[in-house]
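The first chain written gets the first letter, and so on, giving A, B, C and D; residue counts start at 1 in each chain.
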């Protein structure tokens, strides 16, 4: 039964699985790894699963384009949760392997820049070869194809390996943000520390079109947290924009902004409003304080004043 | 009975009276001249009259500050109509006076710049002295105090004078805009070629505050037609802003703009939405075409889309 | 010899004369009253005088349109100084007149709103009639035409009158700002607390044109202190803009703003940069602190960086 | 000798090599493949090569983050040329292999989304496994590890394979943009159809900071063609912005924009101005016409006018 099934970017032992397991409801769901972000999301689209957890942004590498583009196109999906996971790698080896024995290492291409300095310092002569995923790298080590794999420490048990070194991360504060996407339904409830995601296409490519788009946010005091040009597939230089802002679709300033975008853009895809997450169970950083005059109370007061003006009672 | 009484900036024979008489309902009203704009408006505030016609802008002299300031402060009034009157002066004299006899001329101070060139060309030696109004100048000519007065040709009969020269106006296209102000009630009906007037106070004097105010208009594609810094009376350098824009308070783009102003400004005084007038019975110049995405239909469609997003049906 | 002659808005005994006498150099100049702002300024244009002092703004009445429009058109003039004068009226009477004797009062029309409340409280039955200037009102009292005139206390001696009541002013902080205009030459030296005045015509009347104009200021962190739509004389609804901003033309942020305006507007008339004045000898209120990144040092550093980029040394 | 050596993202047979060979000077250079974008660029930084060609953007996948981030950090490099290459894949096999024989296919992960539909239609049962590069995939086919590889047709000869199917591309107009990066020196000469690239850090994370940044472009009529939030490495939610705009650093509107950014941002890295390329030898699409008032002639005229104002000759 699909309602009890969540897919995720697999295979087993990935950081995505670890992120998924931080969700309380994961304990009561069947967790099904998929070979790719599209496969994980298509399982939701097709009704095979209720939701899919996929990475969307990494504090070192930036946006995960496969996820951004899958959410931007095809059958609509919506984001209901985000999970923030601190990323640290373990160097997984077959039991008994020592550092000096390691001639080849593997891992997901995204892992490489995050362990590059550690490699240069500790295994300067080891040859890196990319694997399809960190977990897949672990499997290839198990099979003897490589001597060591960078992966989450939690993957060691799954693949019968040992963590030789742990907590490896070139960048401090390396984190990955994952989103739980499902079929469109009512957005997650407003918490007061929310994020809203969308994809916006511009009406045309006139100079200043992007400024007009952003003015819809700034005129209502809505803070952008993310913007990225994404290709529309119609050729080089044709973009849509993946945008995140602070606030919830039921916040009036956000609602008015979304309507403003809808009016000036040929296409706006609402991708959900959901609680902003934090890593390690800390409360989410408070967003920027809303600009004066942009609270729901301000909107209500202004609407009441307008009604009085229209009735001649102002 | 006040409902049948309109006041206007008198005395009899002013351009204001002529403007008032262009309104069809003037035929069935008691028209009462007042000595000043404040007096005309206070008669409305006090219930003595239903409405007052006062000049608000002259195409040569600019805004009529007495009117702007009276509407900005005190008991609120609202504008329901505007009248545009082409201004041309007649040189009024006692019967028998010839051009060569004229040593002194009078008229309202506002008339002077509009006849200055004509005076220099035709009566270079005549001495100008200001009168309290053009009509008052005519009265003073009648009484023999001056030889000639500049006033509307229609004032000749009232004061027993003759128009010696007519159609005098230094500036082509000299026009005065008058407004009919009454106590607050429902605004005039939307016509599609409307103007909305307001006075706006800024929250504080931070750099960019004026830009934020104007962004409320530009973000919704609402076209400003008039802006003037007006002193608040709190000292030099402290201003409020007299603003006119195209559109009607029931146009959604205007309504949202007004609410936006109300949210960011400590005080907004709505002065009415009313049909834009034209001189000489011509249809009013069409305003600028609304920016794409700012029609009422666009607003409705965007609101419906938002509702679908909030319901998970987008 | 014109270099030693200053004109001013007369007649003798006006506040303008009082303002002019606050300038140290006035002591060594021949001060010549003129009957109007245009006459005072035309004397400068014609070479008859070196400079003219005229009122430009009143904290109660707003801009002095005659001055704004004279400076906006015709042979260019430039502002080199401003003078701020606290305005309080004296009620001038012929020696021996008592309050109870006063049936008629006069004064400049601009004086009326500033003494209206005082009149209502102390001389409710007196009839007001406007004079061409406050000083002219004093003269008419001297001649017996009126019983009392509102004017500056300093005008009493000139016209052989007595100040019966002094320090009359409905509004607290009533001040008038005067400017000293001369033929174009190098602007006044930068003091760090300067004002720059200009008149700007828009390229066309497209929606947002005013916003584009103001963006030239906001993009460089230049603070507007005054904006007023002024008729261009080409018909109702056609305006140019009288604008003051903080800063001096030699401040780089102001210079770049002026060049930006010049590029997008068909006409910009620079009216001068000059020290901001204060009333009663107090130092001028410091303007808003410049936005970070807009000091001359920031401009110089950015230009040097650009040069390094262009030379491949950044 | 390094001046005669260019590196590129290898191995031999990649699209990058094909793009590099479209440059006339490539014929007289030693072309050295490197295993990664960082390796190719570091060879330039270290003086081993004069320049490196690396992919920066794909019309299907978007920005190449390895390149964006390498250029944003570390020892500065500058872009002198761009090359646009139409991307179509060939299915390379060992001689004699038929479509029905193919059980496993490989290629660079970026190739996968561009051939996914073709695969689903023609080889629905083939298993995909990623290779480190398209060329590396070809090598692995040569070695017998996979049955077929997606790569450029030009790679067939290098690896002793046969193109079984050619011109495979799911997306029409698939193109990749490559940049030739060298050590900082004078920018490429202005051609009139140029692009300028930069990375910009914001002063702080206040709401509207991004708007202020973009206003520097819009206020001077400079058209953005690309913007992407890139992580700064200081933690989730901390971004710099990779930005491309139309125009050349010696275009005055671009120069003033860059200086404006430099003034308000704590860090701006100029990455070069260079001719906009087109695919297949077509002339580059003309950029948007510059906004009126933003040509070099307009800037020069405005500067001359400013000088006249400052000299009192305006």
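Quick note on the criterion: a contact is a pair of C-beta atoms (placed from the backbone, for glycine too) under 8 Å apart; a residue touches a chain by one contact, two chains touch by 3 or more.
For reference, the UniProt names are A, B, C, D = Prephenate dehydratase.
Since this is a predicted model, take the numbers as computed values, not measurements.
The minimum number of touch steps separating subunit B (Prephenate dehydratase) from subunit D (Prephenate dehydratase) is 2.
Using the contact threshold fixed earlier, the set of chains in contact with both subunit A (Prephenate dehydratase) and subunit D (Prephenate dehydratase) is empty. Residue numbering shows that subunit A (Prephenate dehydratase) and subunit B (Prephenate dehydratase) use the same positions for more than half of their mutual interface. A rotation of 180 degrees, rounded to the nearest 5, superposes the Cα atoms of subunit B (Prephenate dehydratase) on subunit C (Prephenate dehydratase). Taking each chain's centre as the mean of its C-alpha atoms, subunit B (Prephenate dehydratase) lies 25 Å from subunit C (Prephenate dehydratase). The centroid of the Cα atoms in subunit C (Prephenate dehydratase) and the matching centroid in subunit D (Prephenate dehydratase) are 57 Å apart. Subunit C (Prephenate dehydratase) has its Cα centroid 59 Å from the Cα centroid of subunit A (Prephenate dehydratase).
Multi-chain contact residues of subunit C (Prephenate dehydratase) (touching two or more other chains) are listed as 215, 218.
Taken pairwise by the contact criterion, the protein chains form one closed cycle in which every chain touches exactly two others.
This structure has the following touching chain pairs: A-B, A-D, B-C, C-D. Touching subunit B (Prephenate dehydratase) in their complex are the following residues of subunit C (Prephenate dehydratase): 57-63, 65-66, 69, 84, 109, 113, 129-130, 132, 171-173, 175, 177, 205-208, 210-211, 214-215, 217-218, 221-231, 233-239, 279, 285, 288, 291. On the subunit C (Prephenate dehydratase) side of its complex with subunit D (Prephenate dehydratase), the touching residues are 76, 78, 184-187, 203, 215-216, 218-220, 249-250, 255-256, 258-260, 262-264, 268-270, 292-294, 298-299, 301-303, 305-306, 309-314.
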